[in-house]
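Consider the two complexes below, in which chain A is the common component and chain B and chain C are the respective partners.
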Partner chain A sequence: MTIKELELKANSIRKAIVNMIYNAKGGHLGTSLSEVDILTYLFFSCMNIDPESPKKEERDRFILSKGHGSEGLYCTLQARGYFPEEWIDHYMDHSNPLTIHPTNKVPGIEVCTGALGHGLSIAAGIALSAKLNEKNYKCFALTGDGELQEGSNWEAAMFASQKKLDNFVWIIDYNKLQLFKSVEDTVSLEPIRGKLESFGFDVHEVDGNDMTGIHNTFSSIDFTCGKPHAVIAHTTKGKGISYAENVAAWHHKIPNTQEWEQAIKELNNARV
Partner chain B sequence: MPEYKRKSIRASQIEEYISLVEQGVNIIYVVSDSISTSKIAPFMERFPERLVNVGIAEQNLIGVATGLSNGGFIPVTGNATPFLISRSNEQLKVDASYSHTNIKINGLHAGFSYGTDGVTHHEVNDISTVRGFPSFEIFAPMDPADCKFITRYSVLENNGPVYISLNTGEYQSLLPENEKRTVGVPLQFEHGDDITVIALGTAIHDVLEAYTQVKTKGICHADIFAVNSIRPFYPDSLIESLCRTGRVITVEQHSTHGGLGSKVAELIADEGIGAKLFRMGVPEGVFTKNWTAADNKKYFALGAEGIKAKIREAMKL
Partner chain C sequence: MYSGLKSMREAFGDALADLGKINDKVVVLTADLTDAIKVTKFSESYPDRFFQMGIKESDMMGTAAGMAVDGLIPFATTFAAFATSLANQPIRVSVGYNRANVKIATSHGGVCVGADGATHQSFEDIALMRLIPKMTVLVPCDANEAYKATFAAAEFDGPVYLRFGRVATPVVTSFDDPFTIGKAKVLREGSDVAIVSTGSMTPTALSAAQTLGKEGLSVKVIHMPTVKPLDEKALIDAAKECKCIVSAEEHSIIGGLGSAVAEVISSEYPVVLERVGVLDTFGESGEPDEILKKYHLCETDIIEKVRSVLNKK
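So, the complex of A and B:
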């Protein structure tokens, strides 16, 4: 896919997310919108995957450690062909595998997440399994930023570095907001780059809502460098909807009809 | 009953894991610096590439093991029960149980077997805690041969999360390794109509010692059972016994809530059995003592003397 095609895909996934949350009256809008461009790039351009065979041994793996960003992942997986659109339309119906926090009953989802600070350890274990099995698959894990206040992430970071897991990519959706207010005013991560470097990571920074930048960053990763990789993705929470951008309340606020109409209108008119 | 040499339960389990790997089973053993705790040295010498040490990081222990399972290994973890249960609690719930991961988790030095290391190192709620995690099967082997059977079953016949609570110390195997056993069915050692005594895991050794003395004195005739599986749990033989004897003692080196005593209390209530229950264990709301395991056992009356006294008390009713 070209950059332009990826941008168009991300825009259509954004609309699907807004519709999904509006229809179901549940979900996490802001955080799903901040991660969309990264997910689109990973699933449509970067990872070695086959939606027809989601358990294929050699597949690259993706772990959504920030499980509350499920709508972003669901709409990406659906667009990639992992399950029918009907599942999105009936989000949160009792018979539907799609629940607010993701489970591995959904094709394309490796493990259940939703409690924060779990994904990196699992991803490190997957990356280690590839090394031990002498396979080439990689594991990508997406965490939030506030999530990094959980100490378990740093256990995983030390371990990944110790084991030289250069097939492990930790992406931080750094939208700078957590549930109530900014990460900076809660418990700051800064200097995050220095922290990651001191933990032995090969660190990259990118505008996580810019497809060209994302492409250039991921293309530049050297998967033979002997270090695990960290991508600090500077993103905008609520990206693409003017009234939701950078507003902490839109972490899990549900749009009313007027807000929904405006969101869809803005996304339809987005200059992609 | 055949005589067998006393042997460490943990060491016998490692023998079984070595045997399974030799048979081609893709086991990988994961520790949180718990090399000596797990008695893993013989395995490590034989298969150094199949041992992963995550350092002193119990959350990472279960997370990494979950990832290794995703990559096709059968991960087995071994670390001290208190740190496993308390520190890895949410990983046990979400990564292992909710995700239905093929992972085998061993709680080592369960109960108060860490002795004078004290309350921080004791864990008398492991079974109670893991019962709260739905997809786990939960075992407490009574001796080395039993542990080998459960270990083999957990790896070869179960593709989900399994928790095995392992006591410290050396025990004599009560049944031959090749004795036919059915997972989840209590093992009966003695038959009698006066009282039922049920032991969790290794507590069967204390119960049998107590009963030998009681029987000699002609105090009572008892049904004696060992329960080595809390889930699955097929209690038909226990129900029949309780209906017949009307009085039952449970013995466990675990809290009296959430373990065997609770399980039998639930059974009595659910089945509407008219039986008086005496629960022996660490009472609810009480810390263990920072003493040796033997002294804790004596303090909580879980040795043969205490069990004998409880049988006498129960027989007076």
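So, the complex of A and C:
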């Protein structure tokens, strides 16, 4: 896919997310919208995957450690063909495999997540397993930013570095907001780049809502450098909807009809 | 294979090394321990499949879950207290909820940990692991059973908690006896009272039964190497036959084997039950004999409870 095509795809996934959350009257809008461009790039351009064969052994693995960003992942997976659109239409119905926090019952989802601070350890285990079995697949893990206040992440970071897991990519959706207010005013991560470098990571920074930047960053990763990789993706929470951008309340506020109409209108008019 | 006195953790170490030979999917992780959990032999024989995780039990459980979902059979090893309380959340979510094929193998279950004291003793681990949905909980009673339980855990597809003791304890089972997950072992037949025990309290239960036998009492001893899923049939049969039960475990009386027994018989065949175990307290340092005496985990304590249930029967 070209950059333009990826941008169009991300825009259509954004609309699917808004519709999904509006219809279900539940979900996490802000965080799903901040991660969309990264997920679109990973699933449509970067990772070696096959939706027809979601458990193919050589596939690259993706772990959504920030499990509450599930709507972004579900809409990306559905757009990529992992499961039918009806699942999205019936989000949060009792019998639907799509639940607020993702489970491994959904094709394309490796492990259940939702309790924060556990995905990196699992991802490092998978990357280590690939090394042990002399396989070439890579493991990508997406964490939030507030999530990194959990100490377990830093345990996993030490270990990934110790084991030189250069098939492991930790992406931080750094949208700067957590549940009630900014990360900075809660418990700051800064200096995040310095932290990651001091933990032994090959660190990259990118505007995580800019497809060209995302492409250039991921393309430049040297998977033979002997270090695990970290991508600090500076994103905007609620990206694409003017009233939701950078507003903490939209972490899991549900749009009313007027807000929904405005969101779809803005996304339709977005210059992509 | 083993006889006399032998610690279960040593048998676990032997079993792991033997497993390593026949199954290259078996990997071992540990959190800054090696000899204390007896994984040294495995680590020396299979260094590529041994992972020293450092002092970070939570990360060890998550990493093991990742390795398991990728097809390996990880044994995540540390002391019972650290595995089950410090790392409870990743065990619950990353291992349990994912039904990851991780074997959580621990030493220092119970009161007999020597000088280390309360922080290193574990009276709560069986309860905490029973609470994790679909977690299999294995508590062998001696070295022979610890060896076989390790093999059974590796063959079983799903999360397993294995609890071993630190100190040498009497070997009371035969190595040739089959070990089946979910099956109780009747070690002594009897009809006046049934002692249902697990782990290191099973040899003590056998001694108590022998002493009481000399007084003319007919005492049944049922050992439960699988605390979850509990062999309910064996338990209900014993309740019907003996009409009273004493449970015995080197664990809190809250949430462990005694509670599991009560949960079953209270609805299926209510009989009088007395529980031998640690009361609602933290532990302390001491030699095994001193500690077992102080916490009422001796033969005499079982005998006292037997007399009590017989009076209430």
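Descriptive notes on the structure:
By definition in this document, the second predicted complex is superposed on the first by the 272 of 272 C-alpha atoms of A that agree within 3 Å, B and C clash if a C-alpha of one lies under 4 Å from a C-alpha of the other, contacts with A are read in each partner's own complex, and residues count from 1 in each chain.
Methods note: contacts are C-beta pairs under 8 Å (C-beta built on N, C-alpha and C of every residue); 3 or more make two chains touch, one makes a residue touch a chain.
From a predicted model like this one, the values you see are computed outputs, not experimental measurements.
When both complexes are superposed on chain A, chain B and chain C end up clashing with one another. When the two structures are aligned on the shared chain, A:130 is found in touch with chain B and with chain C. Once the two complexes are laid over each other on the shared chain, residue contacts for A:142 go to neither chain B nor chain C. Using the contact criterion defined above for the overlaid structures, shared-chain residue A:17 touches neither chain B nor chain C, since it reaches no partner. Looking at the shared chain after the overlay, A:112 reaches both chain B and chain C. Of the two partner chains placed around the shared chain by superposition, chain B and chain C are both touched by A:158.
In the three-chain superposition model, chain A touches both chain B and chain C at residues 103-104, 110-115, 118, 120-130, 132-133, 152, 155-156, 158-159, 162.
In the complex of the two chains, the chain C residues touching chain A come out as 27, 48-49, 51, 53-54, 56, 58-59, 61-72, 74, 89-90, 92-94, 97-98, 100. The touching residues of chain B, counted against chain A in their complex, run 28, 49, 52, 54-55, 57, 59-60, 62-73, 75, 90-91, 93-95, 98-101. Of all residues in chain A, those touching chain B in their complex are 57, 61, 103-104, 110-115, 117-118, 120-130, 132-133, 135, 139, 151-152, 155-156, 158-159, 162.
Chain A meets chain C in the complex at residues 103-104, 110-115, 118, 120-130, 132-133, 152, 155-156, 158-159, 162.
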